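These notes open a run of structures that come right after.
Shared chain: subunit A. Partners: subunit B in the first complex, subunit C in the second.
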Partner chain A sequence: MSTDEAAGGTGGTDGRRADALAAVSAAFHAGAARLPDPLGRVLQPHTERDRERRRVIALCAPFCLLATVAGVYPLSEMLRISVSEAKYVSEGFSLSAYERLLADPHLRASAVNTLWFSLATTIVSLGVATATAHALEKYDLPFRGALLTLLSFPISLPGIVAAFMIIVLLGNTGLVTNLVAWFTGRSSVDLAVATSVGGLFVAYCYSMIPRAFLLLRGSYAEVNERTEEAARSLGASPARTFYHVTLPQIKPGVIGAFILTFRTALAIFGTVLILQTLRVWTYEIDYALSSGSGFDIQLAAAMATVWFAFVLGFTALGLRYTSAEVGL
Partner chain B sequence: MSDADSGPVRGGGTDDQTDDRPRPDGGLTVEDRQIRERSWKRSPSAVLGRPLVLTVFALTFLFLVFPVVATFVASFAREWTGVLPSGFVTLTHWEQVLGFGGYEDAADYSLKLGAVLRTLTENPLAAPSQSPLFRSMWLALGGVLVNLVVGVPIAYAVARYEFPGRDLLNAFAVLPLAPGIVLGVAFLRAYPELSGTDFGLIVGYSLLKAPFMVMAVQSSFESMPLRQLEESARSLGASWPRTFLSVIVPNAKRGIVSGAIICWALAAAEFNFSYVVFSRGARPLALFLKANISNSSFLTTAAAVSVFFLLVAAVTAALQLLGNRGFST
Partner chain C sequence: MADITLDSVTKRFGETTAVDDVSLTVGDGEILGVVGPSGCGKTTTLRTIAGFETPTEGRVLFDDEDVTRVPPEWRNVGLVFQSYALFENMTVRENVQFGPKMRGVSKPERRRRASELLDLLDIAELADRDPTTLSGGQQQRVGLARALAIEPTILLLDEPMTGLDAQLKTRLRRELVDLLDDLDVTALYVTHDQAEAMVVCDRMAVMNGGRVEQVGAPEDVYERPANEFVADFVGTSNRLPATARNGRLHFGHATTPAPDGDEGDVTVVARPEAFRVGEGPFDATVRERAYLGEHVRAVADLPDGESVTLRVDPATAPAPGERVSLALDTERVHVLSDS
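This part shows the complex of A and B:
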């Protein structure tokens, strides 16, 4: 085939394509013109402001699509089955699953367990993380970068691995267990606490301390050091300086870290699945789905809905009525 | 603390003879002893504060890092019955976990790398999917690709433009909407057929891990003069889509790459969602770990967990090369 022919050929298709494009675009413009004004302006902008709006919409569209397909639609289906009259098909409206939730004393106990356990582990983790962040940011520690990397290593470990780490430390053949047994001469099996509530507490902290630490480190980086130096040179003790000068400055970060860490604690599931000591809410959701309770998706959906509503409300209230700063 | 701090100063010097005569310049008289006490008496927090905080730091550090190191070391030991593991160095547990050697047939919970290698020549495309490692890598990669398309534009929209609902949208993009287990229940109900397939897992992972991508990219965008970049590119004749793709995105490359690495590692490690939704095919990595923790011997589990540690270490090293310090949530 000669180049001329090829060029002519593509020219021909180009021409036909251009005609088709023109027709499509004319139809599109005609259609867009008939749309109500705000919508029409998005598709066919007149001013720079309209164009900017179109860009914002185009930029947000992929996220909104994903959030709808993977978030909003599944969650709404979950809500519908939880209030359905039939067990496996969403139809009618009944609150029987929620009534079962309220009536079951085990589930009520589980809700109380989840709340106090999450709250206690969050407070302990935040306290420890504040001290850790303080030491790393205020004292000139050697190998600071390496310490930071190692401290943030456990963040990417899933809850089941955190549970295994606690077994390594506190299990029947655990390092700490064996060490204490060796010193006291008692049997290591009696000393092992990994599968007790105390062991679970430590396992929760294992997942939460690094997260809280990284969040707090961001707030520490923004502290104005001059105010602290001024307080110290005016005679305030370090404790007083921390309480009256440093703490007010990191307070929004601490509240933000509290909200995020508490959410993390409420969502922990793998750790409980391995250590099996306390029946928390997430564990009960999984139990409702197991064959032991006959794949009760209605109950599981109701429990998941309660969880979701609680955390959403808690986060919204927390962000609205406190000075919390979320993010890094 | 503050009372103890000022106590000795106030109470000091009562039995000394004091100079009560007013000073000629009208100033206050200060006792000698008061000055001396002030100069050597330190508050308890000045004495104890730093050692105390450092002790907490050291204990936290040991608590977080020591079990990781111990697990890795123990995975090469023959037995662990006493205080410390003994019988170094053996690769038995690693062979068992990776699925090599004589363990291949019995290795129900292994990574099945041996089987992958054997069938690689017959069926190069399908072979890797037998292994939890490669399946997880592929699923996590799918999640990252979705997150790139989703996360980068919304991070730019929030960082660059003002529009109604911006803060709310940002909150939704940065805070995880629902945790793995709740989303898993929702997926089981909404997509009963699809939820356990690659599609379901990839879509779920991408929503769960999107906040990390958005945050990483946003921190890159926040350090860039976005308006100037966009306006100069536009004034030089680039269309807006072209400006976005060939000026803005390449400038934020570092944040995008580190966000992708973080998302990938977290998606490969996602347990709660996979556990609820998973139905068939090779187990994702986190479920492989669960199967080992529940069923294998202690030291074999140590090797399985160590495989995961190596993965995280590789990811951390990659992030360090990019100038990030490890993970951030």
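This part shows the complex of A and C:
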């Protein structure tokens, strides 16, 4: 084949491809024109506003898809299972799982445990995180970078590892236990608190403080230091300055950190699984799904639904009292 | 009221010296303006007096009492900020009442005091407003009322007019002068605007590189600058090299009578208004002409390549390219020895 023939052949292929593309484009435009106006303008934008809307939809589409597949569907299925009459198939309607939730004193105690323990650890974590963020943001501390790394890394540790670290520190053979035993002359077995409520408390806080801390650091960056100086010059002590001037400015961050850490506390599972000190809701869900309880999937689904509804309601309520930019 | 003394104050931040061996006294009821370019140490000086910075060396005294290590809340110093720094979680009235509240003043008394100050500053109708809804000028008045509510012995103002529009600045400046006169308070007024300092202050200190270059009454600083930096920074100045000999200043291309002083190589500092277009010893060619409303600022080249800035009446201002003869009022020049 000559060069000219080859070129002509290529030209022919290109021409056919161009025709096909033009046909597809025409079909697309014709289809878009038949759609209702707002949808049609998304596919075939006329103005910059239309193009902006199309970009927003394109950017949000992956999340919406994920939320539907991994969020809405499983949640609705979970709700359906929780009111199913049959064990292995979703059919019929029964509120018996919810009735058992209300009637079972063991589960009620677990709910109370979850709430008070989560609340207590949240408050303590928030207090520690606020003090730490204050110190790090307000004062020139040596080794600031190292301190930040040290304070932030537990955020990436799974609860199981946090629990293990507590055992290593506060267990019978733990470093802190043995140090205290050495100083006090008491038995390390008597002093070990890793598997007590205290140990669990420390493990929870260990996981939650970095979360609150990182959120609060962002809030501290927004504090107008001149207002703090104004307060000091007007006669306020550092503590009163913090209360009257700094705290109102970091309030959105504090509320955001409270919501985040409280939700974390409600969801902690690995730590409880290892330390096994307190029966909490996540642990009960796991137990309901275990063979030991006969795979009580309706009960587990009901517990998960209650958990989800509570967290959703709590978050929505929390966000009402804070600004949208808390960004949870 | 109290007088403020800075006794050889030095403040270093690591390797940087922000304030370098500054000694300064602000008399009882006096308003001292601190002017200088950005980074010259004027705000650090103010913050040292307020107690937010502890000097690396030296002492801060209020009425002979050493307050170098006294925390800010115990100094009874009122602070007014450039950025207003109002408490956005409080109303205007609550802002003004904050200081007295921190000092344990009873509720009726602090309410009375706030009302009085809001009236005085002509913002009584804003008492219940959220400060974020106020204009810059209104916010600055609130800031001033808040600082005055503690009945401070010393008032520190850190560039309080920066960011306000020119007209408002002029009005507020006038009001501030009246207010400070009435209150008879010792004040330190930090600004980079020398004109503002000249209007508001009894004396002014010119700072550069952490050091005080000159302290004096505005007219002294303007008319008799201590050195070339002050001459350049405060107002517009013409600096001409000359030789002072036998009671005359020799510029090479012109001579004029010399004021009393040094002989030898000197720098003659002359403000634009010291030159007069008309019969005089200087021949010059006008290069630029800028109409500024009340006057025209012209730049003219001298035969030796130096140029001078002139301030002339718009009605008689020469045009660019025009050759003029300039007279120099030697009573209004300041001669700096080069040795």
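By definition in this document, the second predicted complex is superposed on the first by the 312 of 328 C-alpha atoms of A that agree within 3 Å, B and C clash if a C-alpha of one lies under 4 Å from a C-alpha of the other, contacts with A are read in each partner's own complex, and residues count from 1 in each chain.
The definition used in the following text is that contacts are C-beta pairs under 8 Å (C-beta built on N, C-alpha and C of every residue); 3 or more make two chains touch, one makes a residue touch a chain.
Just so it is clear, the structure is predicted and the values come from calculations on it, not from any experiment.
Chemist: After the overlay on subunit A, what do you see for subunit B versus subunit C, clash or fit?
Modeler: fit
Chemist: Using the superposition on chain A described above, determine whether A:P248 touches subunit B (first), subunit C (second), both, or neither.
Modeler: Only subunit C is touched by A:P248; subunit B is not.
Chemist: Just subunit B (first), just subunit C (second), both, or neither: which does A:L75 touch?
Modeler: Once the two structures are laid over each other on A, A:L75 reaches subunit B alone.
Chemist: If we overlay the two complexes on their shared chain A, which of subunit B and subunit C does A:N224 touch? Say first, second, both or neither.
Modeler: In the superposition, A:N224 contacts subunit C only.
Chemist: Between subunit B and subunit C, which one contacts more residues of subunit A in the superposed model?
Modeler: Partner with more touched residues of subunit A: B.
Chemist: Scan A:A120 for contacts with subunit B and subunit C and give back first, second, both or neither.
Modeler: neither
Chemist: Does the superposition put A:S237 against subunit B (first), subunit C (second), both, or neither?
Modeler: both
Chemist: In the overlaid three-chain picture, which partner chain does A:L319 touch, first (subunit B) or second (subunit C), both, or neither?
Modeler: first
Chemist: Per the contact definition in the header, classify A:L147: touching subunit B only (first), subunit C only (second), both, or neither.
Modeler: The first partner, subunit B, only.
Chemist: So after superposition, what is the minimum Cα distance from subunit B to subunit C, given in Å?
Modeler: 7
Chemist: Which parts of subunit A are touched by subunit B and by subunit C alike?
Modeler: Of subunit A, residues 236-237, 240 contact subunit B in one complex and subunit C in the other.
Chemist: Flag every residue of subunit A that touches subunit B in the complex, lowest number first.
Modeler: Contacts found on subunit A: 51-53, 55-56, 58-63, 65-67, 69-71, 73-75, 77-78, 81, 128, 131-132, 134-136, 139, 141, 145, 147-161, 163-166, 168-169, 173, 175, 178-179, 182, 206, 209-211, 214-215, 236-240, 243, 260, 263, 266-267, 269-270, 273-274, 282, 285-286, 289, 297, 300-301, 304, 307-308, 315, 319, 326-328.
Chemist: In the complex, go through subunit C and note every residue touching subunit A.
Modeler: Result: residues 50-52, 71-73, 75-79, 81, 83, 85-89, 98-99, 102-103, 143, 146-147, 149-150 of subunit C touch subunit A.
Chemist: Within the complex, which stretch of subunit B touches subunit A?
Modeler: Residues of subunit B touching subunit A: 1-2, 5, 43-46, 49-50, 53-54, 56-57, 60-61, 63-68, 70-71, 74, 80-84, 146, 149-151, 153-154, 156-157, 161, 163, 169, 171-183, 185-191, 203-204, 206-207, 210, 215, 219, 240, 265-266, 269-272, 275-276, 286, 289-290, 293-294, 298, 301-302, 305, 308, 312-313, 315-316, 320, 325-329.
Chemist: Considering only the defined contacts, which subunit A positions touch subunit C in the complex?
Modeler: Interface residues on subunit A, with respect to subunit C: 224, 226-227, 229-237, 240, 244-245, 248-249.
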